[in-house]
Amino acid sequence: MTALLELKNLHAYYGKSHVLHGVDLVVNEGEIVSLLGRNGVGRSTTVKAAMGQVDATGSILFKGEEMIGLKAFQIAHKGLGYVPENRDIFPSLTVEQNLILGEKKGRKSRWTLDDMYTMFPRLRERQHTAAGVMSGGEQQMLTLCRTLMGDPDLIMIDEPTEGLAPKIVDLVAEYLNALKNRGISILLVEQKLAIALEISQRVYVMGHGSIVFEGTPADLRANDAIRKEWLEV
Amino acid sequence: ENVKVAFIDTLSGAFAPIGQNQLKSYQMFAETANQQKLAGANTLEFVGFDNKGSPQESLTQLKTVIDQGYRYITQGNGSGVALALIDAINKHNERNPGKEIVFLNHAAIDPDLTNSKCSFWHFRFDANSDMKMEALTSFMAKDPSIKKVYIIGQNYAHGQQVTRAAKEYLKRKRPDIQIVGDDLHPIGQVKDFSPYVAKIKASGADTVITGNWGADLALLIKAGKDADLKANFYTYYAGTTGVPTAMGAAGADHVKQVSYWHPNNETFSGKEIVEAYKKKYNDDFYTLATYNIVQMLSKAIKEAKSTDPTKVAFALEGMKFNSLNGEDEMRKADHQLQQPLYIATWSKVDGKTVKYDQENTGYGWKTDQKVDTYIAAQPTSCVMKRPEKS
Amino acid sequence: MTYQPLNLSRWLIWSGFALMLIVAPLVFTKGASLSLLSQIGTVMIFSLSFNMLLGQGGMLSFGHAVYSGLGAFFAIHAMNIAAAGAPIPVVLIPLIGGIAGMGFGILFGYVTTKKSGTTFSMITLGLVELVFAASLMFPEFFGGEGGVSTNRVIGEPFMGITFGPQIQVYYLIAFWLFISTIGMYAFTQTPLGRLANAVRDNPERVEFIGYDTQWVRYMTLILSAFFAGISGGLAAINFEIVSAENVSALRSGGVLLFTFIGGIGFFFGPILGAVVGIFMTVMLSDFTKAWQLYLGVFFILIVMYAPGGLASLLMINVRMVAYGMFRRIAPMLAAICGAATVMFFGAVSLIELLYHVTLGAGAGPMMRLFGFDVDTGAPTAWIVGAVLLVAGGIAFYRVKAPFQHVWGEANTDIEAITRKVQA
Amino acid sequence: MEFTLITLLNGLSYGLLLFMLSSGLTLIFSMMGVLNFAHASFYMLGAYLAYTISTMFGFWPALILAPLLVGVLGAMVERYGLRSVHKYGHIPELLFTFGLSYVIVELVQLIWGRSTVPYKIPAELDGPLFTLYTTTFPIYRGFMMLIALLMLLAIYLVLTRTRIGLVIQAALTHPDTVEALGHNVPRVLMLVFGGGCALAGLAGVIGGNAFVTEPSMAGTVGSIIFVVVVVGGMGSLVGALMASLLIGVLQTFAVAIDYSFISLLSQFGAQITSMTPGYAVLKLTVSQVAPIMPYLLLVLILIFRPKGLMGTREG
Amino acid sequence: MSAFSLELKDVRKSFGKSEIIRGTNLQVPTGERFAVIGPNGAGKSTLFNLISGRFGISSGDILLNGASTVGLRPFEINRLGLSRSFQITNIFHRLTVYENLRCAVLWSLGYKYSFWHRLNGLKDAHERAEAVLEQIGLQRRRSVAAGLLTYAEQRALEIGITIAGGADVILLDEPTAGMSRSESDAAVELIRKVTVGKTLLMVEHDMSVVFGLADKIAVLVYGEMIACDTPANIRGNAKVQEAYLGSHAPEEAAS
């Protein structure tokens, strides 16, 4: 297994406030990795930093290349995909236009609009609707598909199941597995422990801006102490 | 003593070239007057204050210059401004005895300024619009080919006065002439006169009378040229900056002007000034009033043996002066300078009657008629309040 | 902030303000200062009223002069009627302006406040152009290009007061300024005032706490138009002329500039803005032809680097002082201000030289600059200007980072202190 | 007939010039949400630059170079000014451009003086294009109309053949997200702003000599083009075209019509004298109200059709 | 006076061609807590928007305390005693927490658009705002600008603003979205506390919240109300299982 994404001693800042204090994390090819932790510990920040949206120091290696110092759009072109947490759909554009914007110039994608519509038929029904008026859950599906359209090799997903009906949550889990099977690695930030443990090969637990646990889901299930201290109340 | 005169006039915007031109003539004349010690030991200095052509801004500038100790002001471009200034100066002089201000008007020609609004503190050196219209219509009356007249003007005091007088006088002198249309457009705002020209054409007018000046006249004539308008123009101000260029060859023999002086007069009097001005500023001298003001103010100061505005004003009243257009008199009754007028036609320079061109176009003014002072003179309704003579 | 039935410091501030208004003309006695002070007074009311819209209600108007200007027209006609014998004391003329302004607020506001945000701005721009153009169409009322003038000395003097002399006019303005400022401050402390803030922040939510946002905007605008009208009435008395310019987009833009420069986030910002603005337009214009350029650049700098205006710049420094941090930042602050000053002088010199060459032509190559006689034909002055500009620029660039660092640290500490206090 | 046709042509050519001006404004507004108050100032810059270039190299190079220069200036304004204000929201952006319009007027006066500059129509385009009955129609007006139409075509192609429009609209609400999808947002914004300004510059090159090149030229058209944008429907290009033509024709015809309410009423035999109430309004002729036509139209549109002619959203 | 606080009668809503709400009927008795659940895009938020007057309905009728609210604007409906919160936080960022709440109580205390009252002199408004502040547990953050609160605090404030006016019908749209387990437990407590004696209608995807709070659960699928029953019955309803809950048995979620 080769490491696709490697964060080493990553520090990140919002203006003056120091949020990440040396995060080390690896995602290998063909793997689903979950990043768990309580609200506000810095999971989203980790992902944003990897995407070049937060000031960060340390090292971010993607396919062996250093990402620090690159702009977000450059990083995206290297094949790193990101699904932001609060469903940043483009409200005034239609569903289809949103998807088209996911495509990158000069890069042939293995995904087509049709693939997306087959995955979530609901989107096909609403393809000419302005994305802003779609329901919260529909928007969540759209963001995921939009990122896929850019054909990333690794996709970082921030809380994809928030606001989704339980049944759809299961569906998302299924699709993430399907993606993995097509060779896409996934870094998943998730609140719902059950799902995370179910679909990922390895998990990291984060506390106060650094990684406090690393292991397989089974390890975590077995480790009551960590769960008590860093995940539950 | 150095007598400072505030030139509160338009130095920016559409009409700036005219204000600039006049300020430069003042400064040139003041320089020679000071050299020749025309005002005795006193010297004159003209300083420009931009009023942006607005009455309100002028009053603000008036406050400023009063605060800075000025006692004399000049203004001319825009009767609207002059009316506001005359009012403000009256009030100021009433409230601040001993600190009076005198207003020397070099071009604002609304007749009201020396009639219903006349003031002891105001002196007009240009001929007023009724005087000019009197001369112009008398001249027109003799031309039987004039049948249909269109009047167009700027929508403010001066434009309105010209329209009124034109209608009134033509009716009196040539009742057969038909007024086929009259228009007042916003001053300094219209950049495309082609709709107006279309209107003039549609009216079938053979003659256009206009009091427009500066850019408003240049653009009107340019639009007429573009649409091939054949009518003749009877103007007040075709000699102001920008208009000669707009007329060029196309305006030759079509455009006439009434004025109290132009360089191609019977004796070419003032040619030294025209040449000196051209040499110094590469521009045409056309506002004779600035010359008269410098000369007559100096003379008044000398005669009054004082620079005190009240005394100087008394000295100016009724003053007679030999100017470039003949003998002029500052009529005591209304402070309107009485002077002869010229009707002239835009013509190719021929070296004989037309020696001086304007704006290097090769065209200049050719005198059609000189109208003697007494013919153009108008009665006045002025009831002047004078201060005590100390 | 919270429930305070009475407040001593507020009494102090208001008495101080009143005292300042009273002694100002005694302190500034130079020739022009009285008319300057009078003008500042009217503009203060105007910009405060403007800020009721922009700062408190989030409505950016490009047409506020409509209300002050129409108020001024009514006021001046009232004076002319009074001069013809009607018993209207001059002291109450501003009120007539205010009522007229309010009347037009009721009329026009109904249309303009239907919208908010950018659309509101555009409508106000259209409205001001409409009123401006219309004013030239009705010369009977608006006096055409020349405007309407008046004589403020009406009727018999009352206790020797004729309102002829400027000083009497000044105190009349000061009186109304004081009243209006209290009125507008009080507005910020009323339910409607607070709701205007709420509408500014989040109009949608306001609809769900029982309020009609359009109505909140409308009422705010009407009140603001009232005060604008008062300032218009005072301007009419002060200048004794009112013309179409009083209702122009230019005037409206002016008050926007002043208010924003002063700072829209604090109640006193516009007061500051009026002082600075009038100083720049009246005083600076005496010194340099480039004053509008400076005003524009100054405004842009404020928008870019201090969107809270001068008031916020003042307040963050006051905060530093209040928390005892000022000593700590003072050296860097001085350094950065010093660098900026050098840069400023360099830039000003170059601009002035350029202006002289292009616009002052004919007056010869000599000019006075900062008290020196300078020859614009020779390279010396240009080089000095350029050197100052570049040196200042480099110095500024150098001290910027350390300054930000010190400033940031001080701020973090203050935040820490406040957090401790709260906890 | 002659009068009607000529006036119509005059109206159309004026309308097309308005369109050249407002298209850039609409473009910038619809894509970036920035209402560029200084848009007319870029128009003025176009005219002045064209004047200077044409005195050095002639009109045709100016026709190409001046808009490019204005575009570059616009891009720089975006890059070094607007961009840093962007984070504060749309109102500060609007204020920034408002301040900019002040500065540009001053700079123009600083460089070119306070009065009109003699920017002339090139000799090869001076003269009559055709004669309609007895009135000549100048070549230059025809040229002006041609350029406007070419411009319309070019904009249409850029917008439909590229994805730029989508990227920018998306960036309006979520710039970070668009960037994370691999688009270089800042550069696109800069291009759009520069492009919009270049369009204004082109209008300046054409309009500057057709009318007058002077420091107040920005102010004169400034408000009208805002009216065009609102009446057409905020951000709609087709709307802007229709509104421009409408206003152009309306205003040109209005100037030419001398009817007033009095003439209307007297046709029904009503006697109106200066004593009749409302005389001041009744006596106004259509040509006298011409200057307020656009603004009246604006207010009416806002009352009866707030979206504008072709708009899709309300403000 | 009707026994129902809120009554929907065959309510329909279309956007363009697509009908989103297809003839929904619902009766909420006074003082009960109702939850609305359903798949994404079922129209739950839309339903809230219709009830609160944000959108107009296409046909049908909505009765609030027996009176029809059709055609009324949001603020008019609010004045009739209905208040709602938003799925996406919707507060006044630049005002302090205290001011946020004080604004929210003004109308109900009858101050309308007053500009003749001194805000700081309004004892009743002050006390009411303080009381809410205490209920939502933000006393210590009272003078912080709302925009600077953490996410969970903002959600609490969102609820605070909603209840401050004293409305007796409360609509909450996903009040616990984005909260962690512990936070959402606290939120449930808060909601329970502040809605005592009131009628509550709530949209929620978190089954533990739903089953913990609701007296009755309405299930909305594709714009149609397929069931409305007690939690126990809903749990056993096969149709609901299939359409919405999937494998997530309520028992598991509740654990």
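Chains: A, B, C, D and E, in written order; residue numbering restarts at 1 for each.
Convention: contacts are C-beta pairs under 8 Å (C-beta built on N, C-alpha and C of every residue); 3 or more make two chains touch, one makes a residue touch a chain.
Keep in mind that this is a model prediction, so the values were computed, not measured.
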Separation of chain D from chain B in steps, with touching chains one step apart: 1
Centroid-based (C-alpha) most distant chain relative to chain E: B
Distance between chain centroids, defined by C-alpha means - chain A, chain D (Å): 46
Gap in Å, rounded to a whole number, between the CA centres of chain E and chain A: 31
Between chain B and chain A, distance of the C-alpha-averaged centres to the nearest whole Å: 79
Contacts with two or more other chains, residues of chain D listed in rising order: 109, 114, 288, 291
Residues of chain C touching at least two other chains: 136
Residue list for chain E, restricted to those that touch at least two other chains: none
Chain D-facing residues of chain B, complex: 11-14, 16-17, 20, 181, 183-186, 189, 191-192, 194-196, 198-199, 201-202, 215, 219, 226-228, 242, 245
Partner chain A, residues of chain E touching it in the complex: 15, 18, 37-46, 87, 150-152, 174, 177-183, 185, 205, 207, 243-248, 253
Residues on chain A engaged by chain E in the complex (per definition of touch): 38-40, 122, 129, 133-138, 140-141, 159, 162-170, 191, 232-233
Residues of chain C that touch chain D when the two form their complex: 58, 60, 111, 114-123, 125-127, 129-130, 133-134, 136-138, 140-141, 249, 253, 256-257, 260, 290, 292-293, 295-297, 299-300, 303-304, 307, 351, 354-355, 358-359
Touching residues on chain C, where the partner in the complex is chain E: 1-5, 186-187, 189-195, 197-198, 200-202, 204-212, 215-216, 219, 223, 422-423
